[in-house]
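Paired with subunit B in one complex and with subunit C in the other, subunit A is shared by the two complexes that follow.
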Partner chain A sequence: MDNDFLYEENILEHYRNPRNKLNKACTDCDCVGYAQNVDCGDSGELYLDLQNGRIQNVSWSGNGCALSQAGMSLMTEKIKNEKLSFEDLKLWTPAIIYELLKVKISPSRINCALLAYRCLTDNLKKLK
Partner chain B sequence: MDQIKKEFQIFENYKKENNVELIYLDSAASSLTPDTVINKMNEYYFNYRSNINRAVSKLATKSTLEFENSRQLLSEYLNCSEEEIIWTSGATASSNMLLDLIALYDEENPFLFENNEILTTILEHHSSLLPLQKLARNKKMELIFLELDSDLNLDISNLGNLISEKTKIASITLTSNVTGTLVDIKNIARKIKEINKDIFVICDMTAGFGHVEINFQNLRNYVDAAYFSFHKAFGPTGVGALWIRREISREMTPSILGGGIVAKVDRDIASFRSDIKVFEAGTPNIAGIIGAGEAVKFLRKIEGKSFSHSKNLVEYFLEKVEELNSKYINIFQIKTFAADPDKNSGIISFQILLNEKEIHPHDVAEILSRYNISVRAGHHCAEPLMNYFGIPSGLTRISFHIYNTENDIDILLTGLLKIKSVFEK
Partner chain C sequence: MKLQIKNLKVKIVDSGKEIVENANLEISSGEAVAITGRNGSGKSSLLSAIFKHPNFEILEGQILLEKDEEKIDLTNLKTFEIARHGLYLSLQHVPEIEGVNLLQFLYRSYKNVFPESSLGVLDFNKEIIAFSQAQNIDESFLKRELNIGFSGGEKKQAEMLHLFALKPKIVFMDEIDSGVDKNAIEKVFKIINDFKKEGTAFCLVSHREKLEDLIKLDRKYEMENNHLKLC
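Then we have the complex of A and B:
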């Protein structure tokens, strides 16, 4: 009954204190990736700045459930901490996000969990 | 009501599997199915599995009789002719078929013209609205909406100004699947016909069927067609019905063509049979429709009790929420979107606010599911209504049926307080 594993401190903490989140849309970054879950209103924008193929800066803005917003925070933290390149990001799969969230995702929450990944996919498409 | 619960084996099975009671508050998405309906469908598969209508075997005779018995049971329940019941795969299929039939009729007898109008409501489900949008787009017609008053009822004060000789179709839901609002369809449809008797009036009865009495004898002077699904009224998934006044359907050409509907077929052309089955091409969901007949028997059994039962639960929930809100005001608040219990079909949608910030309905539903409580979260296929309310993230919805109890609501409230504690940490 108390097994609220989806709402582990990891996710709630990122939801309450999101990393790299901007309060408003970024207007001067190199690339904006956008994703939305139309059935529940989750939305995110992922802002990337690049220099010589490496990610110079990453930030995001958005609204939605704890899972989608924690996903944005965790993903941007990883990109920033690991100083990843554009080529590294191209190799990413949804598994990376699941790994970051560290919780079992039910089929009805996949769209929430992968909001960040879909933003990134949009960035990669635009940067191709 | 515990006696009624015993008629739904799923409750016992869930308890065996999970060692805890199932709290099912999602009947507006899909009701549970009583054992009698499941057994009836199994009987078909175990004892007389065969196609209907054309075969002459004993099996086929039995299945045809059982299949047609469902049509008879439903027509008696709705007080209409058997020749007015078209079996479909659900409300969505019914709605799409109906508007295709209207479009086909228009091809042969033009009556829909550019700048004509379709009147509908802000309460519509997407299954009603999207086919209307398609017809409006194809015919370059305009959609006009009835909005709500402050009590979440349809505001018909302006009806006279919204309808004119340009209005060709009016499609009005019987019930909102978000707020539970029951629409006085007879009154509104009568007013519409009084202003312009030529308007084709459609009623989506999906969220009301099984909760309120539907009597087509009383409606047929004002409503021309209506539809619903059985999976929200104790029947199986994949079965619905489309009712069209026989005087009208007689003039219509079928939109779905195939086996079982023809009088004669040549290489280049076919002519069709003249009864209602002309709209049921192909092998239907035989087991499901036989099960739907059994669901009608269950509906008969709870007739007159269903609405008052749900009404009592709506009142109980609203009272409890008021208590909680007064206790936690400004910290934790449940903001309800429910019509007056006297005009509510057992549906309440709500928002949870913690320190004035909304907890996303998906988070609410996910945590409640840990408590074995089934609710719905999101737009409920009624996005225009969510936008009207200004809630892009959607709402959490609970919905009651005959098997729900006050205890279900008590457990739900415990779950809602748990949400508070999760997000307050």
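Then we have the complex of A and C:
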């Protein structure tokens, strides 16, 4: 409760200035993961380039609410900054995204918050 | 960096009254100058006009900034453009805005002045808290609404957080020392002197007789008969 204003501002900042976002769909990346929220229109595509099991490049495109798009930005920033591998990402759970967002997510916003995670799981399915 | 105000003439938009007939002032990096003059002589109006307050209009004259061997004419620039060139105005009566958290306000102001910066709000928060702790400013100010319920001294201390956030090179302060107790004045001027040592220039509007006890002044100007002149 004490720092909610800070985490809300963090989400808004990632929405206004998204990290790793492409202006258009990537057509030459190794793997594309896709997710959308049919109810509200949020959508995202997660692009991964791999080499020997390591993530060489991560980027995304998408549209939607601040929560869904900030989630994409925060998640790709973490993957890039921590130089995570494909094996690292296989161990991820939705808790990682909640930890990145840091704000309390109401039941009606879970799909928005986890759009990025669903993009990632789609990537992982395709890379198996 | 050097700012020159040359033959500035300012009118009040509503009444048409020429509140400043001729203002000349110069200030360079690391300098401190004072502007004195009786109440109602046009000191605050001059500062507001420099920063393009819509209540005032510059009729004649120029505001020139020498920066990185370039001369920039600020006379017709908008307020946010002037801020991006490194100028800052601390108002005599700072606005109180409900519903606007100070940390969020400072971060968004920072991003407006430095739009290319990739500094995130969480790291910005860490830096400004570290500054607050180092300067003995209550960090809980950052969680409060902008100046709501702040005492006079707290408002002036919060202005120091603005200086840290926006890192201006030339600062105009309208009576930073008024309505403030001795402890707060000493804390505020310690911070001002620290910034001055790092090259920030300060133009202080003040009625204080012994301003030199708080800060070493390079020049004094006086507003008299609507003219700003070097003393």
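Criterion: the second predicted complex is superposed on the first by the 121 of 128 C-alpha atoms of A that agree within 3 Å, B and C clash if a C-alpha of one lies under 4 Å from a C-alpha of the other, contacts with A are read in each partner's own complex, and residues count from 1 in each chain.
Rule of thumb we're sticking to: a residue touches a chain if its C-beta (ideal position, glycine included) is under 8 Å from a C-beta of that chain, and two chains touch if they have at least 3 such contacts.
Here the structure is a predicted model, which is why all the values come from computation and not from measurement.
Of the two partner chains placed by superposition, A:28 touches none, neither subunit B nor subunit C.
In the superposed pair of complexes, A:66 makes contact with subunit B only, with no contact to subunit C. In the superposed model, A:10 makes contact with subunit C only, not with subunit B.
Contact comparison for subunit A: of subunit B and subunit C, B touches the greater number of residues. Once chain A of one complex is fitted onto chain A of the other, the partner contacts of A:87 are absent, as it touches neither subunit B nor subunit C. Residues 2, 6, 9 of subunit A contact both subunit B in one complex and subunit C in the other.
Those residues of subunit C lying in contact with subunit A across their complex are 101, 103-104, 107, 111, 120-122, 125, 143.
Listed in rising order, the residues of subunit B touching subunit A in the complex are 20, 360-363, 366-367, 370-371, 377-379, 383, 386, 391-394, 418, 422-423, 425.
If you check the complex, the residues on subunit A that touch subunit B are 1-4, 6-7, 9, 12, 38-42, 63-67, 106, 109, 112.
Listed in rising order, the residues of subunit A touching subunit C in the complex are 2, 5-6, 9-10, 13, 17.
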